[in-house]
Amino acid sequence: MDKNTFALRPPMGWNSYDYYDTTVDAAAVRANAAYMAEHLKDIGWEYIVIDIEWFAPGAGSRRDEHQYIPFNSLVMDAYARLLPDPARFPEGFGPLAQEIHDLGLKFGIHIMRGIPREAAHRHIRTLSGVDAAEIADPSSICRWNPDMYGVKNTEAGQAYYDSIIELYASWGVDFIKCDDICNTNMYPHAPYSGKHEIEMLAKAIDKCGRPIVLSLSPGPALIEQAWHYEKHANMWRITDDFWDDWRLLKEMFWRCELWQDHVSCGNYPDCDMLTLGKMGKGFGHERSTNLTPDEQKTMLSLWSIFGSPLMLGCEMTLLDDATLRLLRNKEIYDMEDPAMRPKQIMRDDFAAKWIRADENRYYAALFNLSEEEREMGLCETCLGKALRERGYKGKIADRYTSLWDGSTVTVTEGKVKLRVPAHGCVVLKPVL
Amino acid sequence: MDKNTFALRPPMGWNSYDYYDTTVDAAAVRANAAYMAEHLKDIGWEYIVIDIEWFAPGAGSRRDEHQYIPFNSLVMDAYARLLPDPARFPEGFGPLAQEIHDLGLKFGIHIMRGIPREAAHRHIRTLSGVDAAEIADPSSICRWNPDMYGVKNTEAGQAYYDSIIELYASWGVDFIKCDDICNTNMYPHAPYSGKHEIEMLAKAIDKCGRPIVLSLSPGPALIEQAWHYEKHANMWRITDDFWDDWRLLKEMFWRCELWQDHVSCGNYPDCDMLTLGKMGKGFGHERSTNLTPDEQKTMLSLWSIFGSPLMLGCEMTLLDDATLRLLRNKEIYDMEDPAMRPKQIMRDDFAAKWIRADENRYYAALFNLSEEEREMGLCETCLGKALRERGYKGKIADRYTSLWDGSTVTVTEGKVKLRVPAHGCVVLKPVL
Amino acid sequence: MDKNTFALRPPMGWNSYDYYDTTVDAAAVRANAAYMAEHLKDIGWEYIVIDIEWFAPGAGSRRDEHQYIPFNSLVMDAYARLLPDPARFPEGFGPLAQEIHDLGLKFGIHIMRGIPREAAHRHIRTLSGVDAAEIADPSSICRWNPDMYGVKNTEAGQAYYDSIIELYASWGVDFIKCDDICNTNMYPHAPYSGKHEIEMLAKAIDKCGRPIVLSLSPGPALIEQAWHYEKHANMWRITDDFWDDWRLLKEMFWRCELWQDHVSCGNYPDCDMLTLGKMGKGFGHERSTNLTPDEQKTMLSLWSIFGSPLMLGCEMTLLDDATLRLLRNKEIYDMEDPAMRPKQIMRDDFAAKWIRADENRYYAALFNLSEEEREMGLCETCLGKALRERGYKGKIADRYTSLWDGSTVTVTEGKVKLRVPAHGCVVLKPVL
Amino acid sequence: MDKNTFALRPPMGWNSYDYYDTTVDAAAVRANAAYMAEHLKDIGWEYIVIDIEWFAPGAGSRRDEHQYIPFNSLVMDAYARLLPDPARFPEGFGPLAQEIHDLGLKFGIHIMRGIPREAAHRHIRTLSGVDAAEIADPSSICRWNPDMYGVKNTEAGQAYYDSIIELYASWGVDFIKCDDICNTNMYPHAPYSGKHEIEMLAKAIDKCGRPIVLSLSPGPALIEQAWHYEKHANMWRITDDFWDDWRLLKEMFWRCELWQDHVSCGNYPDCDMLTLGKMGKGFGHERSTNLTPDEQKTMLSLWSIFGSPLMLGCEMTLLDDATLRLLRNKEIYDMEDPAMRPKQIMRDDFAAKWIRADENRYYAALFNLSEEEREMGLCETCLGKALRERGYKGKIADRYTSLWDGSTVTVTEGKVKLRVPAHGCVVLKPVL
């Protein structure tokens, strides 16, 4: 199989983490899936992803002490493969995946790199007949989560990864977000120590016969390993966990600058979840996003013109009308077509300008990164140069539609001139 | 001006450094230019570049102690602009450039970032009327060359750069290799401290009205600054000085992996000079290259399929027939067309495989990085995936011409299979 | 208790590791103890230390794959306290300690920082009633040994350390070498992450009522933490594992330079085991030391004039006569008296010179670090300056006894002059 | 000469920098010397030190742009030796030194490591007949001051240092503070690049026949080089520039912890100038110290019990009575006797406790590092242990004089208990 055919555009969907932390259950998944099918599916949103600790009984029950309860007994089958916690997912994931598929959506799950620590200490025999203790690497742990040991780069290790992917494929899983694998900077001695596990996962997916999108987490991914990610995965996080904080959003502009030449069909550098709407409940502090409406537009515009996957971090059923309207601006997502390639025109502490183009089409966006409303311009010369670098062969428009407010913008004396609010943006689509 | 139009393909030419060190003179330049015009111009070689210390009287005269004589009095005009040493270049560079242009070639010079230290200490008034002492940054020096101080990021600093580029443009300079500017890792406090001087140079070139190719040196360039190089320069070194040593050549494969997504029209990550033929005379040890003929083919093939500029480091008039034949293999350079984009298929300690393609065309190369001859293969599936990633839309060939020996290679059972010598390579062009 | 009274001089003894690796047993301990009592006790050798994995059944049985067998079931009591492997130590450590005490010697054991991983995964209740899973820190592991988790800095954690030290004190343990605690550079985020466990161990010893010497391992200890080691421990390794290799021995000179001001009564920076005689059997390759006789003298002289503990790494019963004679040179150990303080006079790539002195006494040593025999000198002026810095108030001798060969050395024209063999040394004691 | 005899106690004096920056002149020096002779000499204050740029005409005249004017023409003799600026020091330093000696005080000057850049560019012939251009290392500059190039480690380089020290000795200089030499962390390639210049200076002083105290600056000095400083210098800065900021003062406690074992007669790790009284005039902002009276006592007490030199940074003639009273507390300086050695008993974020002792005497100090007044205690057991480590053999007192307020403090139930103000301290001297 060619992994670049698994997702022909950056995946758009929902992920349980930002709202539920470790406490998501089947009811919540169903409610969000139903909402997506009704309100967002028609414009491209399709993935429903269950994040961390679905295999952990009592997850979240000691939230004041631990995000991840150590030495907790995880739910596994006889071969040391993690299974969903029956208290939260009584029917298991197979039927749940089926329900989601029936809604016309796709089903994704989170996994941790490795094999359960408990399986090694209990010497569970894996599907290939090898003791889990021979598969686990006792010196390879996750710095922040106590569940797993890394898997050794051996035949038995590959067989273990094959066995879990086979199981997940049999459930109908369409998307795997593997955690603790993209920038395991735990050991100074081995900063990219999850490298062989990325390869093992990719091989297991290739063997399983199901086109499962592979998403790597957390970041920041190492730019020096770009070729390796592109060889084996579909998405990789270019940032630490992103939250609803302007400083993180502003910083994402240089992350996108760094990765802009690595966006292509099947290869999506990932800016992390969209922090819109309600979030934080599972963390003990339900709240509305701290991003202003202008910042939310900036986030959606940057993710889209750059080409990041789009994953909602909120509880969708609680979306207010204004936010839903933002999310239904399909023309913004049209920029994500990987046939077009992104390019930053300029960036400094106060502003950033981007285009995205292929031979026939283009978009442009102006971002005000400063603390005050300012007039921003885009001259035809700079624009033309950037467009040519991305292969655009057409003419440069003299009128544009501004995609967030629908207004028309006219070029005057070789320049677009616009007022852009603090932290806000304008996205321009040519009227040709 | 759009700097991406200054060199529509990676520059091919000759540079005086590897053979002459600091001792090149007008006679040597003329002899090499004449040779190029006669033997290499027809297939695309065109730049003649004079490297370091052309402004230094007595350069090379104390080679046992110093490569660059400190506190030497450099030749300057009244405005602190360096001029060629009259002992070596009695007519100056204007007439020399004219001669080279008359041969149908282009003329390039090396400069050091900055303003002569001596000009600051002598308080020379620059063309804009400002004292050199106000332009020079006394804490910005080159770690390995004593000639210059960095230029401050001020209006007067820009005016100084404008003044030198104006002078060089008036001479007919087509190409400037600026040294000590691409990875000035002297100060831990400021690892990319030449950044503003790159911008000043680019601005000065833009103002001067002449399309002067800007080449940045030394490397390794910082991948985090890729966007910045692409914004302002045409070439930037991705490596420390490259010499005729297999270990450096093998290492270049990962450097090319790192930079493969940054090659486009007007933007050429630079693998440094080709170490073929005779070299080293100015360093006191004239020698033939230490690279074997197979290694030389590997070098030329990698540079070309990746898209690096090609600059000969040898004394051309001493080229033997075999080497000249290598250099006249035009089909190899055909790969350099920036309309095509390179992609590494795989790389490990023993082998590397690359393709280069656009919508309609492609090339493939197999490199044996091991110490023994080995059979190497290329399967259609892997090839197809890589070609699609680079936008190839045509069919995959079942026969190829092997570009170094002209033989025909046939696909059998979905695979090309070939014996490749140790450190050698095969470059394949489809017979379609 | 004042830990500085637990060892009034640097401990001298034997450690099982260099010869037995993880395979030492009671018979081996007894044989070495008997040998020490008979041949070395009279001149100060007294500690018998059992090194790593005495609690691990089958230790060494999979030596081709693992030095430390992961997920092995360790021998523990009901409270998660490690006990000696009954197959190798059928009577346990209490009676063995008694035998060793009866020989007039002292008994030491090695421990790993932490609590057995298995105890946490099995949720064993510790002596204080708290579940081991609440005491273990799941993200604190040893990079090279799979047995333990670090202990959290909590009351229950302290109680666990108290419980093990209480048990070991009840057995009659006189010396504890705690491993993975002195320079746990596993996590870049926490380079000195064992710090609180050092404090907990020191407190536990203080409470137990028995003067147990605390030795920290491995190194290199951090010079920035010197005060902390001195506050809590008696010995700390200033080096990675030392082996019988001249390069490591030569390097020890700068380590001693670095730590020379931190030697005092009860505080002994530790140069690691003496690599003399036979070693390596447990590692699968029994061998005689690779150090030449001159290098062995250099090692003993440096350790002694600096003030390091002296621990034999060999199988003592296999000592040849020549080595035993070296070890019986009591006058060398006389230098270790912590009332005197060491001082390096000079060191370069070819030589090093040291003194050790108090108000009334002094010693001097000349070390030839070069590859050839050379004449070395010591002038009275330099000597006098160094002696004064260490508080010596007496006169400077004009005759010396050379401690390794017993010859007399005379000062001529204000200087001692001597021929010293390559890698060898001369140790001088004044004849006053 | 034995450099350890040049200053038998940590030097106490005045330095022009904190008040005058680069603008000090003869009148200011005289006024401060006169003040010291009258008000402070009797209790040990004796050095008058002229800090940076005494050789620079117009120093301070462009303070808004430059602290150190680049490419300024420095005052030199015919042999490239810097001389005092005649505008500020019309009689030169010889007569000024004489005046100061006549007051019973000592005379010190600041120098920059190296040889004037201008001397090299002008090819001045030095006293040994060698061109300054051959002595200067063009790649060795100071990161923050433009005056000098480093001196090469050659015979001619040594001769240059000999020549300047000879000149300064002839003037009657008693103290040299050499700058840019103690922690030249400019080049990652050579973090301790001034090392050979320290040795050259020490040699030059040894040859000159005058006991000139050598003080190294700036810091932080490298603890790994402690032995080297002790071998060649009398004082070395253990900190970056210290200013009147509580955070820097609090941080000094760990710096003192780090260096406490390196204080001995002739060897004084240096905490930098005392920031009391009026300061900052030359910087353009004359101000009173930002340290509260309690913080000032803490500073004086820490410097003294640790054993740092004491250099006043203020304009002495403007001292108010309260500050003068602080400075005249002679009993505090009695702690500085290098026969006693300092020892930290404990330190955490809230408090620090120190003793200083020899066989017969001791002092103790309690520092409140927290933001609130707190009760602090000192138990006899801890005190006893620390005193024994420093060799104290006498009895432990049951009554103390508190040196800052003269009150008597009594031991109760084995403990001293005291209330100490926020950022303040108590210093205890036994009543025996």
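Going in written order, the chains are labelled A, B, C and D, and every chain counts its residues from 1.
In the analysis below, contacts are C-beta pairs under 8 Å (C-beta built on N, C-alpha and C of every residue); 3 or more make two chains touch, one makes a residue touch a chain.
A quick note: this is a predicted structure, and the numbers were derived from the prediction, not measured.
Any chain that touches chain B and also touches chain D would be listed here, but there is none.
The two copies, chain A and chain B, are related by a rotation of 180°, based on C-alpha atoms and rounded to the nearest 5. Averaging Cα coordinates per chain places chain C and chain D 39 Å apart. In this assembly, the C-alpha centroid of chain B lies 57 Å from the C-alpha centroid of chain C.
Along chain A, no residue makes contact with two or more other chains.
You'll find the chains touch as A-B, A-C, B-D, C-D. Residues of chain C touching chain D in their complex: 2, 4, 223-224, 226-227, 230-231, 257-258, 260-262, 264-267, 344, 346, 381, 384-385, 388-389. The part of chain C that touches chain A in the complex is made up of residues 70-71, 117-118, 120-123, 133, 136, 138-139, 141-144, 146, 185-189.
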